[in-house]
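A quick write-up on the structure given underneath.
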Amino acid sequence: MPEPVLAAVVPEVIRDNLPFLAAGFAMTLRLAAVGIVGGSLVGLLLGLLRHAEIPVLSRLAALYIEIVRGTPLLVVLFVCYFAIPALAGYRTTAVAAASLGFVLFIAAYLAEDVRSGLRSVPSGLVRAGLATGLTRWQAFRLIVLPQALRRIIPPVFSQYVRLLKFTSVASVIGVRELTGSALLVNAREFQPVAIIATAAVTYLVVCSGLSLVGRLLDARLSIRT
Amino acid sequence: MSGSPLIVLDRVCKQYGTTPVLRDCSLAVARGEIVVVCGPSGSGKSTLIKTVNGLEPYQSGSVRFDGEEVGARGTDLPRLRARIGMVFQSFELYPHMTALRNVMLAQVHALGRSRAEARERALALLARVGLTERAEAYPADLSGGQQQRVAIARALALDPVAMLFDEPTSALDPEMINEVLDVMTALARDGMTMVVVTHEMGFARKVADRVVFMDEGRIVEDRPAAEFFAAPATERAKTFLSKIIAH
Amino acid sequence: MSYQFDWSQVWQHRDLILDGLLVTIALSVAALVPTLIVGMLIGTLGASTSRAGRVAAGLYVETMRNVPLLIHMYVWYMALAFLRLPAFLCAVLGLTLYSSAYVAELVRAGIAAVPRGQARAAAASGLRPWQVQVLVVYPQALRIVAPSLASLASQLVKDSSLASVIAVAELSYQAGAIEGQTFRTFEVYITIAVLYIALVLLISFAIDHVPGLRARRPIARIADA
């Protein structure tokens, strides 16, 4: 953007603190990326365990999912930052604790999506695969899993967007992501209207962008039946 | 070996809980033979043919395919199933793959063919069932008759020595039934061994060597097609036939 | 692990925990009522035949739910501090604007899922438009979305934990206070996690026992957001 336009749209307090706020924004993206990648892997694993109905493991996965889904994210972060390190006797950083918390938190929700996706694939298709000589594992890998993953793109992306928003909660345990940095800038400059509005608009743009990506991906990959 | 029947069922029994579904079913199908299985709904026809490729376990009796006991512990079921093609009432095409990839999948993963080889074979089979132009279409964009022809191509792609059909035309609109029956008739003329569950008596009359009539889990009649249609031996088959032909 | 458990300190502060629990419940109820009303109105607008109405409803939904709840709270508590609203009210406003977007989307989808023929048949039988809506469309739509609405309600209870950052003395806030005094980190956070889980279970238990709500499956997991 040319200089005069920038000056007209972006409040002075933001321009003055841009590097600091930009670093916060970068941390927000980093936390979201770690949460999305790690949470998807753990969520997939938990969802597979739930689906497979392995005697003890599936029950444990179900228990984990129920507990996390019943707990507010804030409390999950407190547990990861204060409670677990106190119990296990190790030191951690706010960023590491928040990353762990996001992964553990969002995985529980993604696991349920994975499971309902796996359940939505008709069993007749597996039978057809077996009839052509595929093994059970091949039928699962080639027929069930790809369909399940493509079917759950919309709910999975709404979880991703939710996680992106929820990274703001990391500010409570002292992480300097976008919200945390905004609060710090405000403490110094005391211009809450401009600062909070800027943070809000930034989240709005990034979250809308991510949900647009989800919609485009779904339009490309969804399975018509 | 080629003198003995390809498929032999010997006093096969199966029950769900305490409900018997198959009772002492015995049947032999020779190489190149076309056997049509018919009977009222719930009589066990689907269950019977699914025992042949091990999709349906049974409690007693024996099922042999090409000399191999299907229900035996050591049987390599995937290998056995790859030698038997099966076509389902509701097509069961993989909706996330094009017609071509549907026909390629098991060739690559069950038989270990190269992709190029599988593709070539798939295209040849799609041509044989008259669907060359639809190779890149997804199942959702194909009519029922076209989907069922793709499903037949998918089964044939493994070069099976026998084919099982479970009511392949009963989910189809009337005008599409013939396009599927024509493919099946051509297959029969080429000498394929076929067991076909169907209520298409015109097809049975024209193509079948034998007709098997089932009722309440029993094989009630098993006779040459001409004889069966001339005069069914049992009262049950007679009523059944008259009901089917009446409409 | 050399951590020495000591639950007695948590027990000693049970009055604070109970206070916090009551505030959490009060806040949840205070926010849930306007959330449902606003959500119903916006959702109805989103399902209306008026194009402008649908666009306006869509804008409301996208804007409100793509901004983190924490930012919603700071907007009322900090950016609009000159209004001098009590913190509790700020939390109610933040929760309402944020959650009503989800309710609206759910209601819109529910109305869309009622077969069109239903409204036509009702109109043909001489009912006025508002009667068609209230007597025929809403009851069916609400039954379709009831399970998702229920999980939105538990979501709101968990989300209310974020009011602690604007100094509303609800459960999470009290946990922080007790932890600060006793340093019984693990015991305190596990205790409040259990209380949240109990609240969420209580809600789903209650919903399961209201006749007519349980029968249908949710049309989508919109509620998990």
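Think of it as A, B and C in the order they're written, each chain with its own count starting at 1.
By our rule, contacts are C-beta pairs under 8 Å (C-beta built on N, C-alpha and C of every residue); 3 or more make two chains touch, one makes a residue touch a chain.
Chain-to-protein mapping (UniProt): A, C = Amino acid ABC transporter permease; B = Amino acid ABC transporter ATP-binding protein.
Computed from a prediction, not measured in an experiment: that's the story for all the values here.
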Subunit A to subunit C, fewest steps along touching chains: 1
Reference subunit A; chain at largest CA-centroid distance: B
Chain pair bearing the highest count of C-beta contacts: A-C
Chain with minimal offset from the mean of all protein Cα atoms: A
Subunit A-subunit C separation of Cα centroids, rounded to whole Å: 20
Euclidean distance of C-alpha centroids - subunit B vs subunit C, Å: 54
Distance from subunit B to subunit A - Cα centre to Cα centre, in angstrom: 47
Per-residue overlap in subunit B, given as positions that touch at least 2 other chains: none
Complex contacts: residues of subunit B adjacent to subunit A: 53, 55, 77-86, 88, 90, 92-96, 105-106, 109-111, 138-141, 151, 154-155, 158
Complex contact set, residues of subunit A against subunit C: 66-67, 69-75, 78-79, 82-84, 86-89, 109, 112-113, 116, 154-155, 158-159, 161-162, 165-166, 168-169, 171-172, 179, 183, 186, 192-193, 195-197, 199-200, 203-204, 207-208, 211
Contact footprint of subunit A on subunit C as seen in their complex: 1-3, 62-63, 66-71, 74-75, 78-81, 154, 158-159, 161-162, 164-165, 172, 175, 179, 185-186, 189-190, 192-193, 196-197, 200-201, 220-222, 224-225
Residues on subunit A engaged by subunit B in the complex (per definition of touch): 122, 124-125, 127-135, 138, 142-143, 146-147, 150, 223-225
